[in-house]
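Common to both upcoming complexes is subunit A, partnered first by subunit B, then by subunit C.
Right after this comes the complex of A and B.
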């Protein structure tokens, strides 16, 4: 499998927050979801990929090329969609597009017009008249029209209503019908990722928790539930976080099969959703 | 081809896909040489991961239900009649195992289960 992105030992230090030892690959031809609570470091990773901020250490390769040394080549192949797309407010969409087009060798004007129609975007409207969802679509149309091989989106679904979100996710699936194309998008809306992602990279407090195929994660992780005083988090193999109530304890495990084999009838076993995983991990072990 | 994915089913999604395609090959709804949709197309239509459909097709290929032709896609493989019957028997066996396990959970005895089966079998005669 070839990788569209390879990230090794990435580090960025801010006051009060450090992104540390971030290492993962994004395989070409798939959708990778970057997931984590707010403030986990998702946007920092994307900004480092785009070289919008300076990294303190580590290496980023996009299509095998160093993203700093080959910045122009790399960026020509990336379609970047900001969480809040920004263009001049009083300029018509068609004018924005014709200003953007010359920056890309592979700009396809016919494709752009087709996408505008498909997304029901009026070319003669000014940018400020668009809704948030329309701005997102316009931004995506620009990215697709220059035939980007890597679509990079930061929280594209945040603030969109369910209909728009669904449409956008469907669009992402359509992009990878072409197996040369890759999508990386960040989201804290786990159901979006559960629906479309092929791979998931989970980040918490500036560190990668795991980066794996979504199916594998959903098949191996689970939640072990037991009455009060029956189990401690340390009793459960692969324990990654817990929640206590007066009535019992729920423990997240990265190895549900082993937990079930070892603990047997002492507990009840459920599959974990991405939401469960995010919740328990960001909460940590035990201090409830 | 008809495939319905249930998100509340305890079975993994790839298994749901394999089982349903297998079922349609065994029942004859899908015939020898029929083309299957591409892995990516099926993933898009079912709104599931490409990895999931890939795994489902790999299973079908491994079990001899589907041939993969380089650059052309996947097709329903030629089915040996005897093998097909064997596969069908296996399917029946799997369903019966399921029934036995459920019965055990409920404390139903073998005699009771046998009686139920006899009744059901006759009912549909």
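Right after this comes the complex of A and C.
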């Protein structure tokens, strides 16, 4: 399996926050979801990929090319959709498109016009007259019109109504029907990722917790529930976080099968959702 | 780089038209009233060279579109080069516009006095002194960088006046500095247009811009967006 993105030992330090030793790959032809609570470092990773911020250490390769040394070549293959699309407010959409188009050799004007029609975006409207959802659609139309091999999206579904969120996710699924295309999108809305992502990279407090195939994660991770004083988090193999409730304790494990085999009837077992994983690790006294 | 300049112009064309409309009356009035051709040309080029990047950078900061610029398939150094190109194009445009106005019947500017090689080189040299301070700060800090340069130059003027008021002409501790600045300007302004002098001016303009660009490029590479 070839990788669209390879990230090794990436580091970025801010005052009060450090993205530390981030390493993961995004396989080509799949949708990778970058998940984590607010402030975990998702946007920082995407900005580092786009060279919008300077890395302190590490390496980023996109389609085998270093993203700094081959910046124009790399960016020519990326369709970037920012969490809040930013264009000059008082400029018409058609003018924005005509300003951006010459940067891309593979820009397809007919495709762009088709996407504008499909998204019901009037080309003669100024950017400020669009709703948040329409701005996101316009940004997506620009990203798709140059036949990008990698679609990079930072929190694309945040603030969107459920109908457009569904539409957008369906669109992402359609993109990767072409095996050359890859999507990396960050979100804290776990249901969106469960719906479309093939792979998940979970980040918390600037560190990667895991990066794996979604089905594997949903298959192996689980929540072990037991009455009060029956179990401690350290009793559970692969324990990654715990929460005490009025009725006992709930412990997140990354190895549900082993926990079930070792603890037997002392507890009840549920498969973990991505929301469970995010909650227990970030809020539930998470420990590795 | 040309694509970036084109993008800047397309996305800011309304602002560009507004600047021209707003400043036309002022420029025409200056052509009618002006007593010094050199001041007239210098003023218009300076105003245009300042107004265009201020407007463009102000809009870039306001709409947060630096992210758009840096997400396009271009190097950051190209973005910086485009900002320099836009500024110098604005100065050039101001110059052409000034000459066009000077040719109109109401103008009191004697065109032959304006159009001479030394005068044009001097204009570029003094513009470089100002803009090559401003542009690195603008690329690093955006609109704030422009304000810092303008206020910085104004503060220098105020400081000079305060020192003169406090210490008088002779006992002023900055006297030697003022004299050095004065003789620097006098040297360039009053020198005969010999080939060596014109070459020195040309080389100085290129060196100032190259040095400023390298600083701006290094600063912009460190800017987190």
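A few remarks follow.
Everything below uses one rule, namely that the second predicted complex is superposed on the first by the 283 of 288 C-alpha atoms of A that agree within 3 Å, B and C clash if a C-alpha of one lies under 4 Å from a C-alpha of the other, contacts with A are read in each partner's own complex, and residues count from 1 in each chain.
Operating definition for what follows: contacts are C-beta pairs under 8 Å (C-beta built on N, C-alpha and C of every residue); 3 or more make two chains touch, one makes a residue touch a chain.
All values reported here derive from a predicted model rather than from experimental measurement.
When the two complexes are superposed, the chain touching more residues of subunit A, out of subunit B and subunit C, is C. Using the contact criterion defined above for the overlaid structures, shared-chain residue A:177 touches subunit B, although it does not reach subunit C. By the touch criterion stated above, A:80 is placed in contact with subunit C alone, subunit B being left untouched. Within the superposed three-chain model, A:111 lies out of touch with both subunit B and subunit C [touch as defined at top]. Of the two partner chains, neither subunit B nor subunit C is touched by A:212.
Once the two complexes are laid over each other on the shared chain, residue contacts for A:29 go to subunit B alone; subunit C is not touched. Contacts of A:103 after superposition: subunit C is touched, whereas subunit B is not reached. When both complexes are overlaid on chain A, the residue A:198 reaches subunit B alone and has no touch with subunit C.
Common to the subunit B and subunit C interfaces on subunit A is no residue.
Interface residues of subunit A, counted against subunit C in their complex, comprise 47, 50-54, 71-76, 78, 80, 82, 84, 86-91, 95-96, 98-100, 102-104. Taken together, the subunit A residues at the contact with subunit B in this complex read 29-31, 170, 173-174, 176-177, 179, 195-199, 213-215, 219, 271. Here subunit B touches subunit A in the complex through residues 10, 12-14, 40-41, 43-44, 47, 49-52, 55, going by the rule given at the top. Against subunit A, in their complex, subunit C makes its touches with residues 3, 6-7, 10-12, 14, 59, 63-65, 67-68, 70-76, 221-222, 224-225.
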